[in-house]
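In what comes next, chain A is part of two complexes: it sits with chain B in the first one and with chain C in the second one.
Moving on, here comes the complex of A and B:
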């Protein structure tokens, strides 16, 4: 009886196992256990840790980026409630828009002033404050202070200091017989003034990154250079600079991308004036999207063009950096 | 089972309540029972104790007072309405993203020009006069017209922002001018500016500011009237090319800068409050800075040039959005009604706002009040001729006002000042830009 029952049970069992629904459930179970096992592994748990960042990156970077690409082919207002597909019309308009072309020129000039001064200046400053002593720590803190200040506060402060008539610095220069310099309202000078404020604001972070890189340079290299009779300058040029090249490229690339996106300091100080000589591309994009036109599609188009420029420049720099490493 | 029964009862109760609300939504004057003309008592829609979201961009000291007034309304109103206020320095960006996401305020306070941007999200509130005790004829028509399109009213005025001529009485006195009398004409303005300017003391007679588009627009309008008007064919037309008034202003401004009587600056406010400017043109907010700095100043209407008399102003108003339910809309009406009405102590928030911040009133009843009449500062900004048109730089119905102000006006003034371009040629160039803008709205 029991044998018969066992046989019957086995047959039932086999029948059950061969049932498609059973197979499907089993496959699911296997897949689930494999996934759990993978997530418990070192590689899998790494994905769990970066998952929140991926979500944020998707929400605030990837999706808006894709949306901007999409919007650039539409005539769409700020409220996004109506959209008319217009193909590449926005791109055609952009390249025939004198203000947009001017804004690209202004951005290029600003970048050409800001990046070299920032990248090289911060490196030189870093060389002076790289040694770990109290004085250098104090100066590092001082140089870093503007980095943690808001662009609004910095803009207002410099606007008052350099005001053409009531500014403290302008008055001091005037008292020294240098005349009353119109820092913000001279069409030739305003871009330099804005670039100076931008450098002042952010060179602290570049300097601190350089300091970290310099501190990681192998000390024996300096000792060898000293034994060969190299002075401080020669050590800096032949030991420090080649050793911190990856950091140099990193700062160059990030500053380049940052300069091409300059907005806050300009918005707070000159708002693009005088006579559009400081109107950067992002400032113009902002004015098209929010200030007057509410042309979200056109503003997106200009952002996409700027994105393409930044991407090309960054890729070229990255290739150059990689070729040096090899 | 018991829980299910309670759910069914609650759902039924909610349905009954909502149906009751819908059925009586046609008219509501006040809460509870209202008497009709023949004395019969009819059931009208009751004001609901709802919470309304109220967004605005008043981030300065005006925002502090607005918070106080809103708190006062929340604690005093008999309907149990709660106004939840959100003040943002970037109201436009906030509204744009909120509306795009189908979210946002019930009540919003912004410039009447914003109705052209967010028009699809604003409700017609012309029935506010039927649903509250507000009287339409108490509002100065020029300002309500500014907020209307045809019969539809989109904003209720809350603040009238005009620009005025301010002069430093001490500098006038030092220059041998009558400190109690500002310039009556633009010729006098130029003449006074020359007399006041003292290069050794870094004092300038005139304070026109190229970076201040609104100042430029108000002044230009006095010289050459509206930049965009409706033509006989019913289409919008720009009036830049050949506008002798505008050309005259550009030449006047340029000559004042060249002669050193006007600083070349994008910030005249700091100079006026530092006592370095004899005259400037600005909004009422300048007075608080001058009061703090102890400047002895006078205020008057901007001299009229070749254009006719006008009372150009930007109207800031309260608008009810499409996100507001019927109950929320009624609650918004109650708040607007409270803002523009006197309480039992005879105090009116609108009047208090005008007197505290120096904004001219839009209510005829306030215009007649003793407190208002006794305030010299606000009276000097008030145009008592309520029939004057209020259009600012363009016909008040032209939707492209923002573009004209930010895209065309700088292109008028700055090439003349910085590139020494001829004013006539510059205006021809501006006409092309303006034609493109106007063309968009004629399509």
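Moving on, here comes the complex of A and C:
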């Protein structure tokens, strides 16, 4: 490179500086150092701070989401090396696929059992343990315990406790004269068993969130209610419940979305059985995508339909919540 | 404020009974699991079942080493939780810091993108996400397991809220002292939001340690399995050893129980402020 050589006199120097190639490089250098300066400034550095998260979220959230929509129109073979465009064929297949329709039904039943218990039950329990004293702190600590446990361990545990032959709880019930209940293998019972385990696992988090909300209710509201002669039940209905509305909606929406995506507990206990009575949509999607005879395109189609359901439910609830505020 | 919530006066005793029954519903199964891990295989399968072990044995724990390759699984879980959490703290608090304290062109748009990912359930994108990881050649290795789980919108939100409350003077003083922008963030601002960082660390460790679905999808190789999916696959086999799976479950629970005892407040705060986990 000529422009890196030593400069011996001014004439040569000037000639060199006017050389278009040299000018271009100088300009580039200037632009680069300006950019670096900018990125070191208080404002420009923001881009460096958000860069890793934006790249990662784009690659592993946004692109996969767009790809899910795209893939739902393709037939992807197990080898994953090609994809054939088949239009809305996958969607047609889905709605005539008895197993998929069944999985939507199972998911709906599961949601219908889980959500009310989480939303209403947790609120009532929270009201009893919201006051800060040793006894209540103890109960809160206990109720939260399952939240930190893995679905794997919880699944192993309940599968054995409710085992049809040697289960501890099964035995306890039968010794009380209730007969031996087949919690996991009875086609009517299994979905309730799975829902119970799921509630057991995350009841604590709903309750604790309610407790925080109840503790933040303005104390003077209770005083006023008491002056009006309201008993504790009236105070709960007239003061507590209206005051914690936002939390109620928050838990309702997150629990709804969560229930519609149920997978872990089912996978660990029944794996969809008996006779598909506990096969949720995600369980079915998982098995179509990652088990033998994998069909990634079709699995994506079902994910997209589930996503649409989740979005519709969320939007409707959001609308109701906002109209309530006015 | 002893009048918040329902008062205990006339409801006192029945309420206490309900609360106690609920507490027992939580504790008794866990206790049973812990005790059963020390029972012999024969005792586990006897009828009527026992609660307290007749003969204590550690055979189940040695079985986990031989039958379940638990050492490998523990190693993988530690790597998964450890590296994911370390990267998550840096990446998410950096982003949260910028969104809370900096004005820049396109801030609204970038923030919207971040917000949008919060609406997207993992279960919906798991199939294409697998394809992305597979095509990048990260299938069945640590990169594929860890990298997609680092950036989390919920954590960015939590950190943003934490940074938003700090006084401007802190930043300005550091700037006058000639600290670089990253230095201001790392040495001055980040230590100010210590409790949020601890929340993030605890949530991230707990989330990846317990994560079942993603390792199942992307780390199916025996050498790559984490404790959660390795155990799940062991239990899924037909020739299941109950004692070993109880011991394995106990091993997977213990670190989280210890973490919970040490940092209960951070668990609760973190989960309440960054939204529920799915």
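The rule is simple: the second predicted complex is superposed on the first by the 264 of 326 C-alpha atoms of A that agree within 3 Å, B and C clash if a C-alpha of one lies under 4 Å from a C-alpha of the other, contacts with A are read in each partner's own complex, and residues count from 1 in each chain.
Everything that follows uses one rule, which is that a residue touches a chain if its C-beta (ideal position, glycine included) is under 8 Å from a C-beta of that chain, and two chains touch if they have at least 3 such contacts.
Bear in mind that the values here come from a model prediction, so they are computed numbers and not experimental data.
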item	value
Combined model on chain A where chain B meets chain C, clash or fit	clash
Which of chain B and chain C A:71 touches, first, second, both or neither	second
Touched partner set for A:164, first chain B, second chain C, both or neither	first
Which superposed partner A:13 touches (first chain B, second chain C, both, neither)	neither
Chain A: partner with more touched residues, chain B or chain C	C
Contacts of A:38 with chain B and chain C, given as first, second, both or neither	neither
First (chain B), second (chain C), both or neither touched by A:185	first
Contacts of A:274 with chain B and chain C, given as first, second, both or neither	first
Partner chain(s) touched by A:81 [first = chain B, second = chain C, both, neither]	first
First, second, both or neither for A:287, with chain B first and chain C second	first
Location of chain C clashes with chain B - one stretch out of 129-137, 147-155, 165-173 or 183-191	129-137
Overlapping contact positions on chain A, where the chain C interface meets the chain B interface	80, 159-160, 165-166, 271, 290
Contact set on chain C toward chain A in their complex	1-9, 11, 15, 18-19, 22-23, 25-27, 29-30, 32-33, 36, 44-49, 51, 90-92, 94-95, 97-99, 102-104, 107, 110, 113-114, 116-117, 119-132, 134, 147-148, 150-151, 153, 156, 175, 180-182, 185, 206, 209-210, 212-213, 216-217, 227-229, 231-232, 235-236, 242, 245-246, 248-250, 252-253, 256-257, 259-260, 264, 267-268, 271-272, 275-278
Chain A - residues contacting chain B, complex	77-81, 159-160, 163-166, 180, 182, 184-185, 187, 270-271, 273-276, 287, 290-294
Residues of chain B defined as touching chain A within the complex	92-93, 96, 99-100, 117-118, 120-121, 202, 204, 210-211, 263-267, 270-271, 274, 276, 402-403, 405-407, 410, 414-415, 417-419
Residues of chain A touching chain C in the complex	40-50, 52-54, 56-65, 67-68, 71, 80, 125-131, 139, 141-153, 155-161, 165-168, 171, 175, 200, 202, 204-206, 208-209, 212, 214-215, 217, 219, 222-223, 226, 232-233, 235-236, 240, 251, 254-255, 257-258, 261, 263-264, 267-268, 271, 282, 285-286, 289-290, 296, 299-300, 303-304, 306-307, 310-311, 314
